[in-house]
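First chain written, first letter: the chains are A, B, C, D, E, F, G and H, and each begins at residue 1.
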């Protein structure tokens, strides 16, 4: 099973989120993690979002990184349809700075968790995915260990 | 068609929201509007929520009033599956006072509107539904007119 | 009566709100909804605002979309004088990002509802008006259904 | 003219604001300022509010102290109908602590000022009214001077 | 006494606030109100600020308009030394948008009122001063009445 | 390796956080996940916290759930010393409602991720840990799948 | 000189702040630091506050701990009159939770620093004063070192 | 001992904070205070940060000024390892304006104080350090006294 769960999906509500979310795919690729990117709006494309979330196992996707702004329901909606870990990236908004995105993602009610990172924190979302993968992948564990060592020394 | 759209559905994410949302059903009933109440969590019951939202026409429901707290996705998720008007009621939360619920409901992205009322504003949600119904129902128009007059005099 | 209530009025507190509010009129027009635009400040033009709100029926206006910023009383003041649905659009402000506009519009006290959409959410205000019109207009119902379908597919 | 403007009106949106607003009338009375109290909701009683605001001169009222909560439009609506000074008292709210009331009162747009005091600051509203009266009333000037001296010594 | 209290002082914490505060002096001058401008920091120039506030009567100043940003103590410090009305203008800040200035000015404790206007609301501060002057000056009362009429018609 | 990483550590800054954090251990136990609880303050016990974080591998701990309030550095400090996933639980505070805890945990700078859940969201923290464990543990995957199914039906 | 600067003054705006500020005096006493307590309102007692601040050297007071709530100017006003370090304690408020007190104290403009601690953080204010004293007092340095060690072990 | 504690260390989480933190070193140098600057991230360089904080006495550093942004743990982490005074400078952030940095620094839990100054308030941090040094250094006391005098006159 390990091979399959290695793949990470990066999902975003709008193509305008791409410059931010690209930090996630770049980081994943630099660690040799396979990833695929989808534009999926929880509100404008609810059926496609649900089909995506329901088909994660079949697609061999272990972890989802979902970025969204404003009333940012994308990570939560995906989480409602899968038991795979979902990492949410609140996208900065031009009016409230991303406080709306942050609260919409992090304040999930009991029963359906989302792992929220910082506003625009797509790179950390990728690192978190890598840390999760590293739990069952010795090679990845070495890589992330080295990455952390190199940050300091 | 008019008869069917008269019915209003009141939906809430958790039974604990009932004391607040009861103000909506009480108000609707006092105006003679038929309504039905559902407990539906967008996160814990995504399939039932979707089936509910997709079946509004068949159920003869014209307007949905949805109350939810925290990362309050219920109104938005319902709105993503229907073209009927959805009125959102942000429920007060014990930590952030309902600011999280409010932003999760009101800051909907372009394309999928939700009509948001005040935190815990279930009564106003019902009055808004009544105003909408009154647009195509002369009798209801008289009633809401009288209600407004009686508030002042 | 149906013909008359089809018309939507777009009202804004200041001409500087026009670039935002134009998204509402553009959307309404693209759906074939008749609309008219007014510059009316609740504070600087209280009598004209009241006359406008009191004369909605005579003007054949069914729904009002009102955009305002800062201590944004325009939607609430109009709502106080009419039983027709009022949709409020909080305009982004340069200092507080529109949080002031949002709270001034959404936190309406019991008895006088305003349907609040997102900060600068004029397009969604129009879509909400269209959803309301569609409740008693089969043709419009088809159009909004198609619009939602086209967003996804 | 001076005699007439001495009278201060205390207005509040709801009887539930009375325990807070009583601090204003108590303070005014302790300084020998005549005052009268009105329950007037800008939203539920727009016509009575307007008539009140338009009739200030005839009623011999020089200054209005208006307390309101949530989307607190009462001070602004009164100010829109009169050129007499209006002092606004934001009432604390149970969900947002009064931040909504504060922003709805203080963030008035250009052209129509309201003098805002602290959340629940009815006593200071009265003191401000007294300072204004004292500008054209030597006796009152002595009293407020003594009051300030007594606070310190 | 009336002649003396006609003069309004405009005080600001820093010369960088001048572009905002100029709206106050421009408005006062357009109404024929005499005014004088001072740069006085409550924190960096406490003695001069106190001397200014203590000498208002001698200087023939009836009303003070004080603009300040961040931990904006200037209006409150002046108010602590005088029984003349003090109008506070919170200056927008580059980090918190002026929320810090606003709360530092409006949330005055009981006993020492400041009349707070909107963030950067210098023009309204001047209009409020004019409304206060108009209470004991028939000519000014006519002018402000005409100003309000002209805003609407 | 899989057996070892199954263990989850629950860490909290103060014994007063125990009633909240107990929801995490209860949930973990109900899924048959081994867990251990530590009281460790990032500020008052920096050496013990560092030793704990540095010794996770040796202790057979795969995932850390850390709850803390106010300037809540505990999750971030642990994350700085380990490449194992750290889940942060912002604890509600009596003054700011937990907004301080939330921002201190979620706004982690680039390079060192923390998976943040809702204020007081200890149960969701446990479910997230279980979802992570389930990625490499078929039995756990069945359990969490059933848990999600049971929430809905 | 060292002896004199050992004394710490604890100042508070109102007797109602005493239960919070007592944590400062208790902590100082437990370290053998002499302290004295004053009730001084920056707004209601500006002259006494200034005399106090101007007389610190003569009173042998090296450090001032000042607690205040709402538009909390006390620490800043004292700091404007002395070059001795002033530590500010924002007092929790019943409406805004102390956010107003915090911003009024911490956002001091350039030139006049105040050392701000957490909302209601009087104990930490005392510990900070002790750390400052310990810089020139070997015995105190030993005590605070031991205090920190005892917190951990 | 006095000579040694004169030295002040300026620490920042990232080189991008340098333009802000330079105001601290410039101010210190203008007062003749020796200072040294370090780039140290609490999260990316936890061991170096700890070694730095643990070695302050040996390095002859009496006071630390630490600037950091977002979940700004740097001042708190340093304070956890030393009994020397730590002054925290919250760095403005592009999304939340520095509110995150501010709360992460100022809301320190009981037992480990940090002296927080304004967002981007590096100059005031330096002045606070100088005031502390002046407590045991007559020459510095004269300089800061003159500095304050020159600000006013």
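By our rule, contacts are C-beta pairs under 8 Å (C-beta built on N, C-alpha and C of every residue); 3 or more make two chains touch, one makes a residue touch a chain.
No experiment lies behind these values; they were computed from the predicted model shown.
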item	value
Chain E and chain C - chains in contact with each	D
Which of B-F and D-E has more C-beta pairs touching across its chains	D-E
Chain A and chain E: spacing of chain centres that average the CA atoms, whole Å	51
Chain D and chain H: spacing of chain centres that average the CA atoms, whole Å	45
Chain centre separation in whole Å, for chain G relative to chain F (CA means)	36
For chain C, residues that touch 2 or more chains besides their own	41, 44, 46, 70-71, 96-97, 99, 106-109, 111-112, 118-119, 151
Chain-to-chain touches, reported pairwise for every pair that qualifies	A-B, A-C, A-F, A-H, B-C, B-D, B-F, C-D, C-E, D-E, D-G, E-G, E-H, F-G, F-H, G-H
List of chain A residues in touch with chain H within their complex	92, 97-99, 118-120, 151-152
Touching residues on chain F, where the partner in the complex is chain A	1-2, 5, 62-63, 83-85, 87, 102, 106-119, 121, 123-125, 127-128, 131-132, 134-136, 138, 141, 144-145, 147-148, 151
For the chain G and chain E complex, residues of the former touching the latter	13-14, 41-44, 46, 50, 69-71, 73, 76-77, 79-81, 93, 96, 99-100, 103-109, 111-112
Partner chain B, residues of chain D touching it in the complex	41, 44-48, 70-71, 94-97
